[in-house]
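These notes open a run of structures that come right after.
After this come two complexes, each holding chain A, first together with chain B and then together with chain C.
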Partner chain A sequence: MPFRFPVKFELPKHCYINARVLKDQFKRLQVAEHEVTRKALKYIARNTELPAKARLEAQLQLAAMPKYTCQTQIRDRCVATGHSRSVISDFKLNRTAFRNMARANQIPGVQKASW
Partner chain B sequence: MLSRFTGLRAVVRLFSGSARYSTEAQTASKKFLSPDQYVAKQAEKTVQNEEFLDSLLAADFEYKPLIINSNAPKNKRQEPIPLNVELLQYKPLRLPQTHGHKVAELSFKGYDSDDLLRASDFAARAAFYLGIPCSKIEVLKPEKRLYTVIRSPFAQAKSKENWWRVTHRQELVAYDANPEVIDLWISYINKNAIEGVKYEAQIHTQELTAFDKELSELTAEDIKLPEAYTHASADPVSNRVQELLKSDEFKKALEEK
Partner chain C sequence: MPKALRYKTGKEMLPRIFFQKISTTELHIHENLHRPHPCTSSILQFPLLLYFSPTMSLLKKVSQAQIRQVKQLSAQIFGESYNPDNIRNGAKVLAAPLKGPAIASYYGDNNSTPTFKDFKQWFPELKLVDPKEEYRVMMVALRKKRNKGAPKKKTS
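Now for the complex of A and B:
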């Protein structure tokens, strides 16, 4: 099987790994790498004091960048199970992983609520 | 000397045994105990407390107290206990305010109320020995953040389970001290900070009364903000913009207008 990502990158540490987690990790690293360029291009594209041609050029360059450099492609995933749905962001845990750990008293400060 | 200690109260705090933090004790406390078990547990606790107090004096240490009361209580070696050691058994002493100007607010946050008590107690004592007038340790209302999750890993979403994370909060307000002393106090607290407690300090400073005059004398150039993205600066985005605008593609676009 050919290598699936355009560039080689380091595996994420301290979390559960599956194909979808890897995909997300790749995007995170790429976004971090291209953040400055994207912001600069966006600044040029939206600066009304610059000539329209330069702004258009910036917009075209922005659109030509790969989708995985875009911030919105990143999604929070559970560090214990790799799930992407109903992740509680305070703990980076999916609801079931959160419940299991909370029941085992492994999350500091979290208790069964009663009022 | 004692007349300086205005806040002296005869409230003796029990030392908690170190076994309280073990997981065994935590799981046991969740179940209901029979009366006999409860009595046995309390007895064990008092024994542990005594052991803990003994262990404090067990190690060899230099005995050179600076101040000793004439009627000081004695330890097991029949030496009079130094005043500062004796005072550890009481609530922290406080100095009287001279002007009542608020200088700093220290806030403590944590999930464990015992840790929090240790931290704030330490800060209050340090303040007393540095000569900073302080408020009492104020216990604020704990912050409770709710998490409602579905009980089942799949479907059956009607049955939910409620959890909360309780963040305990305490506050200490310092008055009238010089900024240097406050700096010393805060750095000392920082040096001896406990893990699991979040310390936050809000420091108040004072302006001259002529501040409004200085403000009205300001010219437009004084208040001018640095222009974004025009000069090379520490901002990487600004540098990248300069780089891009100098590149061939953009040069063409800029020239044509």
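Now for the complex of A and C:
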């Protein structure tokens, strides 16, 4: 059976696995791989001191790059549930997962607030 | 009591002047009357040239070209970029730090800690059993037996 993504990668072992999580992980790996190329192309496209033809070519090449190399496609997901909404970035957890873990004293230094 | 002998109460007792609004500008002027305005302090009355060279006359003005040269030299010395006309040269694209490694390691490093599967692989003689996985596999087998398993994946 063929791998469902263009490039084969190792599945993450220490978080909740989901089809969406796998998609996101694939995108992240591809973004990291193509980051330098994309940055170089963006620099050429944005530099007004370079000849217009080079800038245009760079812009076209940037647009032709696969969309899974774009940073804006990435979405932070909850590491415990795979949910992408209400994710607290400091803990990489969804608000409900955070609450459950915090109440079970599994997050160090977090207790019920009262002041 | 007859109407003519009605006494004044509360608001009616205070004279009308108390309800006039005192403007805030008036208050500020009053506060700073005894303090001189900061712009008129003595130190800024001398031109900044005083600190450049002893041969320069205090009355001679510095040209814009000279100031530009100084700024350019300063940037060269300290290894900074110099772009006085704010030309869009894409420097900010290059100046931003790379975020690739941090993004790729969001879901954790696989080699940081071993999992149950790793232990099973390393010590097959121990015949380790994960109770939750065992239960799941048992339920899937039972469902398949009574024709309630997952439907076949559509190929097209």
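Throughout what follows, the second predicted complex is superposed on the first by the 112 of 115 C-alpha atoms of A that agree within 3 Å, B and C clash if a C-alpha of one lies under 4 Å from a C-alpha of the other, contacts with A are read in each partner's own complex, and residues count from 1 in each chain.
Quick note on the criterion: a contact is a pair of C-beta atoms (placed from the backbone, for glycine too) under 8 Å apart; a residue touches a chain by one contact, two chains touch by 3 or more.
Being a predicted model, the structure only gives us computed values, none of them experimental.
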By the touch definition at the top of the document, which applies to A:80: first (chain B), second (chain C), both, or neither?
neither
Report for A:90: first if it touches chain B alone, second if chain C alone, otherwise both or neither.
first
Which partner does A:102 contact after superposing on A: first (chain B), second (chain C), both, neither?
first
After lining up the shared chain so the two structures overlap, which partner does A:29 touch, if you call chain B first and chain C second: first, second, both or neither?
second
Regarding the shared-chain residue A:62, is it in contact with chain B (first), chain C (second), both, or neither?
neither
A:70 contacts which: chain B (first), chain C (second), both, neither?
neither
State whether A:43 touches chain B only (first), chain C only (second), both chains, or neither.
both
Which partner does A:54 reach: the first (chain B), the second (chain C), both, or neither?
first
Scan A:10 for contacts with chain B and chain C and give back first, second, both or neither.
second
Identify the residues of chain A that lie in both the chain B contact region and the chain C contact region.
36, 39, 43-44
Residues of chain B touching chain A in their complex?
23, 26, 111-112, 144-147, 149-151, 153, 161-167, 196, 229, 236-237, 240-241, 243-245, 249-250, 253-254, 256-257
Could you list, by residue number, the parts of chain A that touch chain C in their complex?
10, 12-15, 21, 25, 28-29, 31-33, 35-36, 39, 42-49, 71, 74, 76, 79, 92
The residues of chain C that touch chain A in their complex are 87-90, 93-94, 98-101, 103-104, 106-110, 112-113, 115
Touching chain B in the complex: which residues of chain A?
36-37, 39-41, 43-44, 50-51, 53-54, 56-58, 61, 86, 88, 90, 95-96, 98-99, 102, 105, 107-114
